[in-house]
Every structure is written in structure tokens, then in C-alpha cells.
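Have a look at these structures, which come just after this line.
What follows is a pair of complexes built around chain A, which joins chain B in one and chain C in the other.
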Partner chain A sequence: MALQPNLIEVTVWYRGVVEGRLARQVTNSLADAAQTEGSYVQAFDNYTDLPDRVYVPCRSYARICPEPIAEPYTYVNSNPSLVVCTDAALVKGCNVLKGIDPGGTLIVNTRRDPEFVLGLVKDLPQKARLKKVATLDAGTAHQPNTPQGGIEGSTEKAGTMRTAAALLGAIAKVTGMVSLETLTKKAPAAAEMMAHGYAFVRELANPDYDPNDTASEAAEFGRRGKVDLIVPAPLPNGSQEGHITGNYRLQRPVVDQKICTACKICWVSCPDACITMVKDDEAAAAAAAAGEADGGLDGGADGAVPAAADGGGSAATGEKVKVNLKYCKGCGICWNVCPLKCIKPVDELDFAGGVVRITYSI
Partner chain B sequence: MGKQVRVSGCKAVAEAVKAANVDVIASYPIRPYTGTMVELARMVAEGELDAEFVHAEGEHAQLSVVLGASAAGARVFTGSAGVGVTYAFEVYSPTSGEFHPVQCMIANRTLDPPGDFGSEHTEAMATRDQGWIMGWAASPQEAYDNTLIYYRLGEDPRVMLPQFPCQDGYFVSHISGPVELADPGQVKEFLPEFRPARALDPRRPVIMGPQCHADQGAAIELGRAEAMRNAREIIPQVYDEFARIFGRRYDPFLEEYKTDDAEVVFFGQGAHTVPARLAADRLRAQGLKVGVVQLRFMRPFPTDAVAERLARFKVVGIIENSNSFGSAFDAGPLTAEVHASLYYAENRPQILTFLAGLGGENIRLGAYGEMARAMHAAAQAGRVGDGAGHVGEGAGRVGGGKHVFWLGFEPLGDAGVEHVAASEDGDGGSDGEGGGW
Partner chain C sequence: MPETIKWLGSEAPTEVRIEGYQEIKNVKDAPDVEYYVPGHRTCAGCGPALAYRLTALASGKNTIFAGPTGCMYVANTSYLCGPWAVPWIHTQITNGGAVISGIEASYKAMIRKKKYDGEFPNIICFAGDGGSADIGLQALSGCMYRGHDVLFICYDNESYANTGIQTSPMTPYGAHTTFTPPGPVVPEGKKTFPKDLLKMVAAGHPAVKYLATASIAYPVDLMNKVRKALAHKGPTFMHIHAPCPKGWAFESSKTLDIGKLAVDTGMWTLYEIVNGQVKVNYAPRRRKPVAEYVQAQGRFGHLTPEMTERLQAFVDSKLAELGLLVPIPAV
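Take a look at the complex of A and B:
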């Protein structure tokens, strides 16, 4: 930022595999439009996110500058002035405001309102730098598509744009960094969706915005020490702190303990060993320790309906299903294999603020 | 004039392979070069390119497949990265020794450790003595052009050598840039059909790669050495032809940037020479006369061009992006070759080496500033030939001999900086951490 004050960085957060094309459509189209309007531009993907894993949070970048970009070969956008998220659960699961330029904007694809999104960032350290938040229901894009050479440094053939077009329209409206006219001229087939995004995006000023909040950046070039390659390993069945996967999750498994017979089919099926069988009293103790219905990342209650001592078959064995939400990816295997259908997927966003908005139909 | 597109280095190479109308492709995935094969597979599947696409079971097989296909007279393409490059090592020498002009792209990746995805030239440099033509692209456009240029050069009957067109992983392979695609007519004119004088053909049986006797060995090696020398001879003609047909003129050996009045220059190959140029612009605004020299070919190494053209600077700062543990000066292959090339020059520049960008680390602008200031300080003390330092005097170096630095780990001030700072303090910027300029 200090090196090139006129550089505008745009970071798009998206879901691995299923939204790679969507994200690149946004960053490439933005860069293209800005270039048409006379700027120097770049568009590139993050190289160390794991974009070949389904639903993993990944980033794609655009950079726009009135003069030649001074550091064209860089891995990340350090100080984005615009952050775009393709779904709101990304805002919940990731520090999307990291390094945001003071006065920056956050645009989220969600049917929820901007106030809700502001609620999701309230614990983020740099949220006072955020000037504006905007939301738009641009539709869901996270259905499987066939990546066509788009992964691994190549670029795919242009597909039709829907969600991307709406987001681009919203970006034009909220930031003005490119005009709707230029975007439309570059992709006439997407004009309608762009106009939709432009018209329906909802904006909200961040009441906590503080233009003077310029928390210090990490030194860009410091001296370092040596690295020891032999490091203590976690227990074989322990968790890998460096690779928490809970933010892959769009929907959370919620178990109706009254119906669960503790058959352990979900326990044996979970590909990430996120399910453990715990004794009733352990579960109750864990829930009490977690202190809230939301349960925290691997809290005991985890959306499990409060224990019913007299309920269902689990009482026979005295065991309950407990999901480790720090690692649960929301893959859906457990709720598909449960013979009694007593695991239900619930939108992750419904758990914000510790409120469990769920009713059981069975 | 061809079509303008914005593509990554990976995709650019795929486009060039298509333009070169390659006959046989052997793939095996490894980051970061995979994108090229993904794109080529798509082109073949969708009928854009009529080629045999063989998915091999590993890199050793990849290289073996294209060796055989080349022997049968096909124009062939393969590629790899990182440990994939070293896994195929056995096949490199027979490929050049039997004169098969195979092209194997490399998008650089570190070896293990660290084995991260980042770019480092070490894996490609490890193959530099196998009789292959080798050089680096600094941008997707150069990557595109190099594929065409290398086929032309390698398939020349006086050369017939395989080629490693390299590009820095991620920086070039994954970041898109503007590329002008060639017209088919241009490619046809520049790159004639591959018609080797001798190819495997059941109607005229020949044996290739027979068991040799000791007394045949030297002659075989001489043949390869001569082919490489021939390549060095004809490179300027190939670049002239390229400029005439495509309208892009490169210096065949050393691309110079703002060197007319430069006292100190960054010297390197590939991606890092691009931010070096941008850094030079900024440093010039501060009054430091900095230039950049980009090496095009590691093999054949342009000894004469390096000796003649680097001799005029006061200080050459090598950006050394690969390791050669225990080599001359404990630096890397580039350092050894530049020193060797300059040995007979009358007026030698001081040479500093910066081990930088290892593990794929990004060399930030501030770091270029720090390197340039170290070079500038050394320049104040003069050149080797000015009597500022001679062999025997601190190993021939101003400031007591230290001239190889691990960027980020060692203070660069030892490069004669203290020595100079006392007498002259005119470098215009003393922001040691390099962040603020």
C-alpha cells in the first residue's frame, strides 16, 4: 500500500472447485473492464489455497492501477480495498477483512441484509477500517461444474455469467471502480444480470468505521532465523491445528438425540472422523462448559438438541452423537447415511450469535 | 499481426505448442506446470489440435515416450516441474546424446525440502549439464515465444538438441499477462515442418543408442559439445528471423534495461528480472544509476556476451535463484558461470551475489532497494581493475571479501558499505529495511 498508493486491490473469496470459475469471471472481468478504461491491470488466483478441494475457502485477485503495477509478481493482495465473498458463510469462517485498506468495502452474495453481515465481522480486528458493507442475492453458484483447465494456472473458456455478472454490477454500483457501461460492453450477454446487481445491491455504512485506524502492517522485509524441519507431531488421532476445515461448511449437521439409536453408522462414515460417541453425562458436561447453544467450534452441544434423558434408543446405550465442528466440512455424508434421518442439515448462518433457529419435522 | 489475449504462462505455452502443430504430447501432472497439459488435453479432445496425447505413468515414462516419438520423426512436447524433473533425470542424457530435439517445458518448483509450490530454479539448474538447451521466460509472452524459438533452434540440423524452456512457477505460470498469438502463416514461415535426416522407419532400419565402447565415448561427447556450440552460433540468426516474422525483437543473449548510464546492474534470469526493472525505475528517481541485465540462455551460456557487456559496469549484482551447495563462493551456478566468463576480461566489475527468492519467496520491492544500495556502496569503491581490490587482498574483493549474501538473513552492509559510508554518504536513501522508498 505504501509502495503504490494508487493501486486498487480486489480480493474475491470463493468455494474451491465449485466456484473457481465464478471467482475468475469476477476478477478477470473487472481487470478487463478497468484495462478498457485505461488502467494497468492484473488478475490471478491465490497459489497456496487448495482450490482442488470442494468448498475450501479460496481467493482470486484483481489489481487495478493508473500507472504500471510495481510488484506484479506477488502471491497475495496485501491491502484489498474491495473484498467480495461469494457466500456469507465465508465471512463467518474466515478473516476476510485481513489487511483491508482503510475505507474499504465488503460485498457479500447473500439473501441476508447488510446488518447481518456486519454482525458477522464484529469480532474481526480490522473491522474499523471497513467503511461500507453491501449485500446482494446474486443466486447460488456453488453447484458442481466442470473445471475446464481453469485450475492450475490456466484459464478456461468463457462460460455464461450469472452470479458473476450480478456481482460485477454490484461492484460497479458500490465502488465505481469500473462503470456498468464498460462491463456491459465487454459482455453484452450478461448485461441483464449486471443491471440486476447494479439495481438491487443493498449498502450500509459501517457505524464503527474509523478512517484513522491504520493498525501497523507486518514488516515487509525483515530478517529471519533458521527453520527446524523436525517438529513435534500431534498425536496420530489428534487434530491438525494448521489445517482447520470447519470453514468449508455451508450447512451444519444437527442431531435429534431423541430419535438417534446410537447405531454408529454416521460415526463410521464421517470421512474426517468428526463424529464421536459420548456418554450422556459427558455430553451434558461439555454443553455446560461451552456455555451457549451455539457451542463454539467444538463445543459439546453443537446444535444437538439438549439431552433428553428419556428419549429414544440412545438411552439404551447411554451414548450420544457429538460432532466436532472445528473440522466438520458439512459434506453431508452423515445426514445421508443415517437410517432414521435424525441428522438434519441446517444453514451455518442460522447459528450466528448463538441462536439455533431450527425446528424438527420428525 | 496475431490475436491479443490475456493468459497465464502455462496457457501461453499450450497455445504455442498448438501453433507449432506438435505431433505427440506426453503428460503427467505436477504443479505448477499442469495447466499446460490440462489445456492441451482439452485442445486435443475438442479437435483444436491433431496430436497423440499420451498420459504417462510418471516423468521417466513421459520422457521415454517423447524420446521414442522424436526418434520416429515426430515433433514432441512434454513438461514437468520440481521433483518430477529430477525423477526423469536418467532420460535426459540419452535424449541429447542421440540428438532428439524433444521439448520439455519446466515451470519451476522447489525440490524437497522445502517442496512447497514456490518457484526456485534449482531443479532445472540440476539438469544444466545434460546437453539440453535451457533458458528462462520472464512473462507469458516470452514463454509463448520461447517454445517456438526453441523448436526452431533445437531442430536445426546443425543442432538437433532437446530443449528446456523454463518459466518461474506461479510468477509466470499462474499470473496472466498479455500475449500476442501468432498467425498460422507466421509460424509456418518461422518453424518449418520437422524432417529429421534420420528417423526410425521400418523400411530403412537403423539402430539408435547402441551399446558403446570406451574408445567411442569421447567422440560422442564431442559431437554433443559441437552441437551446443553451433546452437550458440546460430541463436542470433534465429532471433533475427523471429523479429522479422513476428515483429518482436529480443536481444538473443542479454536483454538490457536502462543500462546506458548504469553503474550497477541486477543480473538474473526469468521472472525476478521484471520487478527488478520496476525497482530500477524507482531507484533512478532517487539518483541511483541502476540497470537490469536479463540472461536469456543458461545453456548455451553466452560467455563472450557476458564478458564483453558486463565488464563496463562497476558492480554486477547476481540474483541467484538456485543453490549449488559447496560450489565456488558457496553460491549457485549463475555465480560460478558469471565469474568464469569474466575471468579474462581486462576491467572486471565487482560481483555481488544475492541468494534470493529461494523456496519461491517473493522478492519485494524493498529488497531490491536494499540490494541496489549495497551495490551502489560497493561501486563507490571502484572496480576490480581500478586497483580498488586485487586477488590476495581479501580474496580480491573490496570490503574484505564478503560478496555472497543470503537475502533477508545477512546484513548487506558488508559489501563495502561501511568502508564507503565513512568517506561518502550520497546514496540518497538509507532506509535499511527497504520499506519506505
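Take a look at the complex of A and C:
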């Protein structure tokens, strides 16, 4: 249940810094247009997500309501009826449907089909509340930005939208919460991209949609679940369980173990200590066992690539380098420094496994 | 071999006392037990995080870290957990030096009172450029002056990156930060040239016998310098160049490339000062023009050729001081 019967909550998931401006353009323009159409609106960012870090999954919010908003100082959208993701890897890495209103919509900026996105949310308890999935290839914003771009305390120039404009057009088409005319009037320079988004968005009704679904509600509305305030300190060569960072990743390093000479240059260059050198057969066997104990994270049974290339499991194939996919942020330093170029970036979405659902406890 | 720099006094060198440290010969020889483990919310491609990891690899188990406020405190410790497998303490951004002084003094007192008979720990303050060259300068200076047996490391990402890229005294001329945006009145962005922190510590603190600059693009050199500094009894200081993809506006995969480019262009130099004697560790064979470094980063995107020339002149004067001023080969 939303805070107010007529309140529409919109949550935009984005990558910290690189897409910060894009997400704010979407929420601000949406709120702006809805206000022009006579609604009461709010647009703001989630602060606890740490939007100041590159590739961190973050949220930006908009609220639209025909009557005055009853609780304007609630700082998160608990029950969005529209969820927008600026890339599809976010759907894989986060529970983007958490708290979604029955009959909600998911719009994802990706080149892939809505069917593919639906496949990614199949395991979520809230999937029966999702009515519609839409995808749109709105281009990418994964470029280094200038310091005034996605960083807090900065201002953005209106009328320079591209990806955001296309997403706004898609929102207008799929949900109808604002009209394309109003959006276009507000930002005439972006009219072309908005029309593009409006025309090319692909929609799909969720076959599992159940308007009477209440199964997942009990878990949702306890405002906070179990909170583990004390995370044990890590041991040497361990990891910090409080910050699982695998959902930062857009591209996954895949090592060609046949070419690799175990020169350790990627190992020494990884800021996240995610690369482990496999020493000898015994160590490899131990490492493989540890990899399996990770909870199927890097799933040896990944259909898309051989298990060895997937970074987990199988010591028998003579692997020399192991990538810790639970924590790898996909920054690209390893495939950039590799002197033999035997580490290749592969789109995270090409792997069926490796779904890391991260929900922060606080 | 470059001669001793004038400002340090020429009669200083007596003996090089840094010995008894375990040298790392190459990458394969490096220790592989991580004390800065995965699981921290730093940016993808974070330079300072790599500096931290390499420092922790080199210093080993018997280490205590102090972390003044900055990226390496906030991003590492969000939500009540931290990625260190060794003791770590948060200090205010002003007082990193004071806290490590206290830790060192208390260990000495405990040993004197026979309450502690273990090995003396490596006490390291891992401060940002704000926590060492700007807000934390007085605590750094006090700590270095009193002669505690500690290592103070400044990881230099050339801005207050944690709060959203504000200018710091280490920000280079011409860089765009949210406090120095280029505009019609000040077209170059940042107008002033940065402090020289290593020189400042070296010139004003006679107790400090070992100082070094390092870069994350030269990891073995960095780790060896950490070990040398820790082997030395007394206050030591290191200044580590750590490119920041977010603040400098380059792709996260290019962190080490930018670090290398900084050394190749002379924007950063790798040298150490042992007992007042300067030793340059690496001089690029072919010096590159600063323009190449400038073009690789978004924060310099607005610079005109004249501004780049000013930056080049500044770099040239710095290199001349170290005796590294060689002509830039024509391309």
C-alpha cells in the first residue's frame, strides 16, 4: 500500500556518478511535467545509497499526487508503482521490485527484449505484483563525466538530455502518468529523443501477474527486517560480508587460462583484491572447494561459458587465476593491464548465473 | 645521480640507515596475504583503495592503521563494517598525526612498564591529501616533529573526493573541481599551483630521516618504500599518487595508465629522501609532454594551450630541482 491512495511513487535505479545526472534528469523532468499538469510533486535522491561512488547501484525518486502529498518528509519510496533501471545489470544485482505496488511497471534501458528482463526477475518474491515490463535502447551513459556531472552540489543544464529524454518518452508511453506534449514543452531540445523513446519502447505483460497477490506483502511491510548491526571483522585473506560489491559490475573479467602465464600483474593491480593466483594442484583444489562454498554465486553450471572461464570451480582445467565474482566491481583495470590481453570483458548479462541480490540491512 | 637539493643542506648525508627490511624483488615475490580484503564501497577502479591494499600487503599482520576522515574512511566503513583484517581506528580529519602519536606513545609506555612484551607494531596513518596537506597539517607536523616511530602516508587524489570533488591544496593548476569551476571570469578553473608536501615535511622536520613519493602504477616500488619506512626507527613519511576516476573524470579501467602517465610526463616524480640525500628511483626514458596527461582527463577538458604551457613550465621547474629536466623528445 502506498502512503496515500492516489500517490504515484517512481524509483529510478542508476549507477553512482556515471549515471547520476541521467537519473536526476528523469526524476526532475517527470516531476516538473506532472506539476505543469496540475499535480503535487517531489523529486529527490536516496542518500544512504552512497551516490558518490562510481558504479554503485543508487536510487533517485519522484512522487506525483493529485492532492497535497501527506508525508513529504518520508525519505524513501517504499512502494513504487514505476521502477526505471538505467541498465539491465541493475535488475540482476539488486531487488529492484522490492515494495512494488500491485500492478506496477518496470522499465529498463537495455538493448535486450522484455522477455529477457522478465527472466531476470523470475526469482523475486514480488514478481506476481509486476504487471508490465518494458525495455528501450536509450543509449548508454557509461562514460566518464566531468566533475560537474553526476556529483552532489552541482547543477545541471536543462535541454541537454539524451538517454534521459528517451526514457521519459518511454515512461509517457507505458504509464501515461504524464503526456508526451508536456514533457516536450518543458524541454524542446530533447523532443526528438523523447519521441524516439515513445515510439520504440517495447512492452510485455507479465504472464505471472496476479492482482490479488498478497503472498509477499507480509515480508515487505515490516518496515525494517532483521538488522545485523555488528558484522564480524574480516580475517586475513577473507572478505567483508557487510559490503558485497558484485552488483557494481557491468562487465565481467573472463580469463583465458590457456594463454595466462600467471605473471600476477592483474593480481597486484586489483583495488578490490578480487584476483587470486592458484598456486599448485592442492591449492587449486582447495580454492575450487571454497568457490563452491560461496553459495553458487559464480555458478559452475553457467550455460553461457565454460566453467573455467567463468572464474569459479574446476581446478582440473589448469586454471591459474581466479576472479572473486562476489566482490569484483568490473572496473576493468585487470583487462586493461594484462600484458597478454588474456582477460576479456564480457557483458554481465551474458551469464545466466552470478545473480547477486544485495539488500542492505539498514 | 642527481645531486642533493639545495634546500635540504648539502652536508647532510652521512650514512643510509635503511636496512633490515625485507625487499620485494618483483611482483611474483610480493606477499599474498591480504589485510585489506574485498568488500568496501570505494568506486570501481579506485586508486586510493589500491594504495591501501598495497600498503597493507607490504606492512603485514603486525600493523595498526589510523584513518582520518576521507574516502578511505567513509567508503570503507559504511554501515558499521570495515575491510581491514588488522586493527584500524577512525580519527578526525584534523588529528590523524596526533592519534598515531598517542598509539605509539602508549605502546612505548606499556613496554616500559612491562605490560606488553610483543613485537612493536607498525603504526600507519593513512590520510588523504586533505587530512595531511590541508586540514590535518598541524597534526602531521606535530607528529613528525616529536619523533614518534610511525609512518604517515598521504594518499593523494588531489581533491576532497569523498564529499564530491572540492579543491584541496594538492589540486593541480587548471583542474576543474566543484569549488574551482572554469567560467568566463576564471577560465582556467584552479588558479593556484599545489603545495609540495614532501618538501614541506622534509625541510621543516629534522627528525624525519626517511621520506618517499610513490605511485600505485609502480606497485613493487610502493611496497618496498612502505617496508623501508617501517624498518626505519622514527617518524617517516610517504606521499602516494593515487588517481581518482571520479574526480579526475577518466574511465575506471584507466587508473594505472593515468598513474604511469603522470610519472612519464613529470607531473609526479618517484624519489626518496634518506638522511637528507635525494635518490630518484625512476626517471622516464622518454619524457612526455604534460599536454598528453591533460588530454587524458576530463578535469582538464577546458584548458587552452597557453594554460597547458603554464602547467608545463611548472612541471619543468619541479623536474629541474631534481635534476631530471631532460628535453621532451619530438614525436
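Going forward, the second predicted complex is superposed on the first by the 278 of 362 C-alpha atoms of A that agree within 3 Å, B and C clash if a C-alpha of one lies under 4 Å from a C-alpha of the other, contacts with A are read in each partner's own complex, and residues count from 1 in each chain.
FYI, contacts are C-beta pairs under 8 Å (C-beta built on N, C-alpha and C of every residue); 3 or more make two chains touch, one makes a residue touch a chain.
As the structure is a prediction and not an experimental result, all values here were calculated from the model.
Look at A:269: by the touch rule set out above, it reaches chain C but stays clear of chain B. Between chain B and chain C, C touches the greater number of residues of chain A. When the two structures are aligned on the shared chain, A:70 is found in touch with chain B, with no touch to chain C. Applying the stated contact rule after C-alpha superposition, one finds that A:55 touches chain C and leaves chain B untouched.
By the document's definition of touching, of the two partners only chain B reaches A:47; chain C does not. In the superposition on chain A, chain A positions 148-149, 151-154, 229 are in contact with chain B in one complex as well as with chain C in the other. In the complex of the two chains, the chain A residues touching chain B come out as 2-3, 28, 31-32, 42-45, 47-48, 68, 70-75, 148-149, 151-155, 219-224, 229.
Residues of chain B touching chain A in their complex: 6-11, 14, 31-32, 34-36, 38-39, 41-42, 107, 113, 117, 168, 170-171, 173-177, 271-272, 274-275, 278, 282, 362, 364-367, 370, 408-409, 411, 433-436. Residues of chain A touching chain C in their complex: 16-17, 50, 52-56, 143-149, 151-154, 229-231, 233-245, 248-249, 263-265, 267-274, 277, 324, 326-327, 329-333, 335-337, 360-362. Interface residues of chain C facing chain A in the complex, by the touch rule stated above, are 27-28, 30, 32-47, 49-50, 53-54, 61, 75, 78-85, 162-165, 176-178, 181, 219-220, 245-247, 249-257, 298-299, 301.
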